[in-house]
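Okay, structure first, notes after.
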């Protein structure tokens, strides 16, 4: 099932700050969120920034196993009536030999897709096996690409009919959106043609979200800023941002 | 020939995606630190999807005024001296014409300009022997920025020439460890006043000093992909110059410290090769110092860009961030790792590497000086020796064309020639 | 832009005939000595009627490989720093891109090539601070000639950098006075081992050493008309570069030691002016050191080219062949006279001169380094200061264009910057 | 009266090695010499080479005054039936203020012209006065030019209908003729059109003489080599060279 365009996605680390708070936060965000990106608590969330990393560290203390975490995600999402994809590093699951069972577990959780940020960087040879496993388990492939990425590989990924291609814009943490981010999004759009382009990292305001969408993304995902807001002002504060962004996107589509 | 209008970003054409910079597991926030101390436009260059990046007008102007395009020369004297003339043609691209005597200026100019775009008033860096510090001091003065350079205390004493020249350019050169930063003070407290300093410590001081004032920007001299990209003016010019000569190279050679002159010189060719457009049989040879043989003896893994883990980690060939190379004259090649893209391409077999011992390198430097009239920087002399070896090999197989990058002159490294 | 194919011989266009070199009344045979120690093709260049002299192919090739054409740059930083931006445009031609860091190589290459045409196996010269010696060593190595450089003993001790670099190029650098010549032995006998040497003595030694073997040739670094002519590649390029920029200069400025970079830079323009073809209002300003103010304070008369009258006499502005200038960092400007053609043109009012004190010159060097990113040689800094003065003058009169020649970089003269 | 083309001129310093030897040497050379260039003994013969300079020093000791020297020259030439011009440095005669009386004396000696090598170099402003004085005294002007000479001045001189323009080729002392000498002569020829071009300095063989004529000169003058030969082998030796050159020139015209 296709994702809505434009779309807004909230990233949460599963079981953070605690399983129950996670669940109610997700619930609170769900009305304004088109789909969740849910991260399996990881020992070394390699490509994530400090805020998300600390959520992983905290969450790890709260859930014992992958299964437990996935069940929590599944439950929270279905209760909120929300779609979600699961994000995790393949490295955390034993690398290549852990791929198949991971895909099976994620598929079983009801996720639409499994996003493995380190797949193409650390295990580029595993691409076909991943797509194969995903499809065999009823998942659509999803890919993580950086803003420093080979064009021919972006084209190749687009050819694999993924649910989405996630473009990491890191570490553009400035207040206003740097020109390169816009041009990166625009170029990625061109390269992947009509594949679904999800852009993330460093988005923390409706203005930035709109700018990224206007540059050519189909959707934006916000993570660190939600975690920060939650810590500062609770679920209300986090939902405030999510809904403001969602509203801005809808208004724009008008 | 004119100066190229665009830099080339090889990430767009790599056979596999480039592993991104990451925070060390045990030390968060390095990437966001980087993003907040580097000029923001440099961060943009570091995270660029475009294959070609327009060179800003102000940078182009500075390139032109400071001597770009640099010459590509036929090394007839070297061919004769090697006894390969008639069979092997050797060419070299010469970056020593730039006012600080090396390619370092190509990125220093861009970075100083970027700092000025941020409204910065001061740029900060660290330097060992002084090549990078001098390039930064020069570039900064072009954009009316103050410069502070943390220079390892031992070099500060011994390399009076580059230190004085930096000062003449208006830079403040601070021996590291200094009393201006917490890291410096701690080092002095721990080891006493006679501390010789280290590059890791100087980096830590420079970063700390940068953070103390929002109008400061930290400028990195190599290893980052953005830096390699800025250096591609070298290769882009060389490509056009070879075409003008009607020459198709068989081997390209450059030396490797962090990889910026190597990448800058070879990537435009390598990119065309990766895209399947040209240079199907072209070989790429990286000449490293046997004092810091990361490409030939290092491991391919994530490692710190600096010993103190102030900066993020990159996936690269590394000897370990704490590796201390034996003393050599080639300060610029003592770095423990090689740029991520270069490491990836080496890993995949697109780039070959050779580690060369200093005595043979300096002998090659002397031969080159005598046959070609240019005294190479000790770093660049590694490329000279590797080019000699390649030329000999080609000669024994019927001939061919070797082109190498002469990244700098050795006028200020005369001790190496003694 | 390409390299000029021809040198320009201003003698063909002078308003009055150039007084020839002559033998000193009290010392016969200097001219024929000159003819027998110089490369014969250099003698031909010295006695040339042609206005344009084809640059030999081999010399052109060497020019190209070593970095010609050199850049012409707009000095926007300097304009801003002087506060004349918007009214005065300043440009400079930069010869420091050549591998020895100064214009000296332009003639050294031609002369070494000429020596090789004579079947010589060795070239010989004298040097003070080492700029000329380094240029000769470089050029000689390009044409596979041995080099012997007599270096004044005091510089030999103090200027280790250039001495080492010459040696790296394969040159034999002999401190003068030496025990290799009669003149050297006599000087040592008279003054003892601690003799600091002098340029006059070094010339005498070089000439004597040259004469001892017919396969040796002596190479002069400045003052001779042939040398000035070789340097006109500078001005010819500059003329074309200014035309490309669409710029018509109001004042040209260069420093004067013997006059070779001044003549090389200005003569193509001055010639067009003398022929009535262009530049009717162009002014030509020679910047000399107040330590050797021949053009402003000297007499116009025949005088020895060297203190020991080994070489002939020329009619020139001179402070007397035995003049000993006070110590300065600008060794290249300490010469007692100025080339015959330059002196004639100064005499007739075509060239203006200004003598500049070293402290102000070095301050200008620092300003220039900071605003333009190039550390000028102390000699060249005289042109920088004079250009500043001219720019200020033009600014007060509504504006204009100043173009000066930056004859070399100061990377090896860092003591001057301390 | 025009000089013959091609022509050969012998240079002698008046009264060298002694008045009588001078006279007999001139006599010996006359049959092969189209016209003599006779130098007034000078204290400082600025532009001359060592050999000629020593003849001046020696001759100075043998004649007391300019008048005496000119009378000697006049007598020797008329006895030999030879034409001659007088060469001297204006500097030796008091410079500008001595010009008129010098011209008068030289005219009175029966010379065809007075050649003042230093005129244009040291007293360029005196050109018109010199030409005027010469013509007033029945002399044709004669000019000395170097091989590093302004083209416009060469043209100017040619416009003054001189008897000859002497082109100094110094110091081309090599055995074979350097290329620059040939191109200098050819260029001078072009610049002065059909004025009589006498080339000198460093000619010591028929081959060089022919080469210089072939390059475009009308005549050559030999000086130092005659003095050397005279010292080594007497008048016979000197005449041998003069006649060899003359013969070669005639043969070439053939």
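For clarity, chains are labelled A, B, C and D in written order, and residue numbers in each chain start from 1.
In this text, contacts are C-beta pairs under 8 Å (C-beta built on N, C-alpha and C of every residue); 3 or more make two chains touch, one makes a residue touch a chain.
In this text the structure is predicted, and so the values were computed from the model without any measurement.
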| item | value |
| --- | --- |
| Shared chain contacts [subunit A and subunit D, defined touch] | none |
| Per Cα centroids, the chain farthest from subunit D | A |
| Centre distance in Å when subunit B and subunit C are each reduced to the mean of their C-alpha atoms | 35 |
| Separation of mean Cα positions, subunit C and subunit A [Å, integer] | 68 |
| Residues of subunit D whose C-beta touches two or more other chains | none |
| Junction residues of subunit B, two or more chains touched | none |
| Contact pairs between chains, per stated definition | A-B, B-C, C-D |
| List of subunit A residues in touch with subunit B within their complex | 44, 46-47, 49-50, 53-54, 120-122, 124, 145-153, 168-174, 178-181, 183-184, 187-188 |
| Subunit C residues touching subunit B - in the complex, by the definition given at the top | 62, 64-67, 70-71, 73-74, 77, 80, 94, 96-101, 138-139, 141-142, 144, 160-162, 164-165, 167-170, 365-366, 369-375, 409-412, 414-415, 417-418 |
| Complex interface listing, subunit B residues touching subunit A | 9, 11-20, 22-23, 25, 28-29, 31-32, 34-36, 40-41, 43-51, 225, 315 |
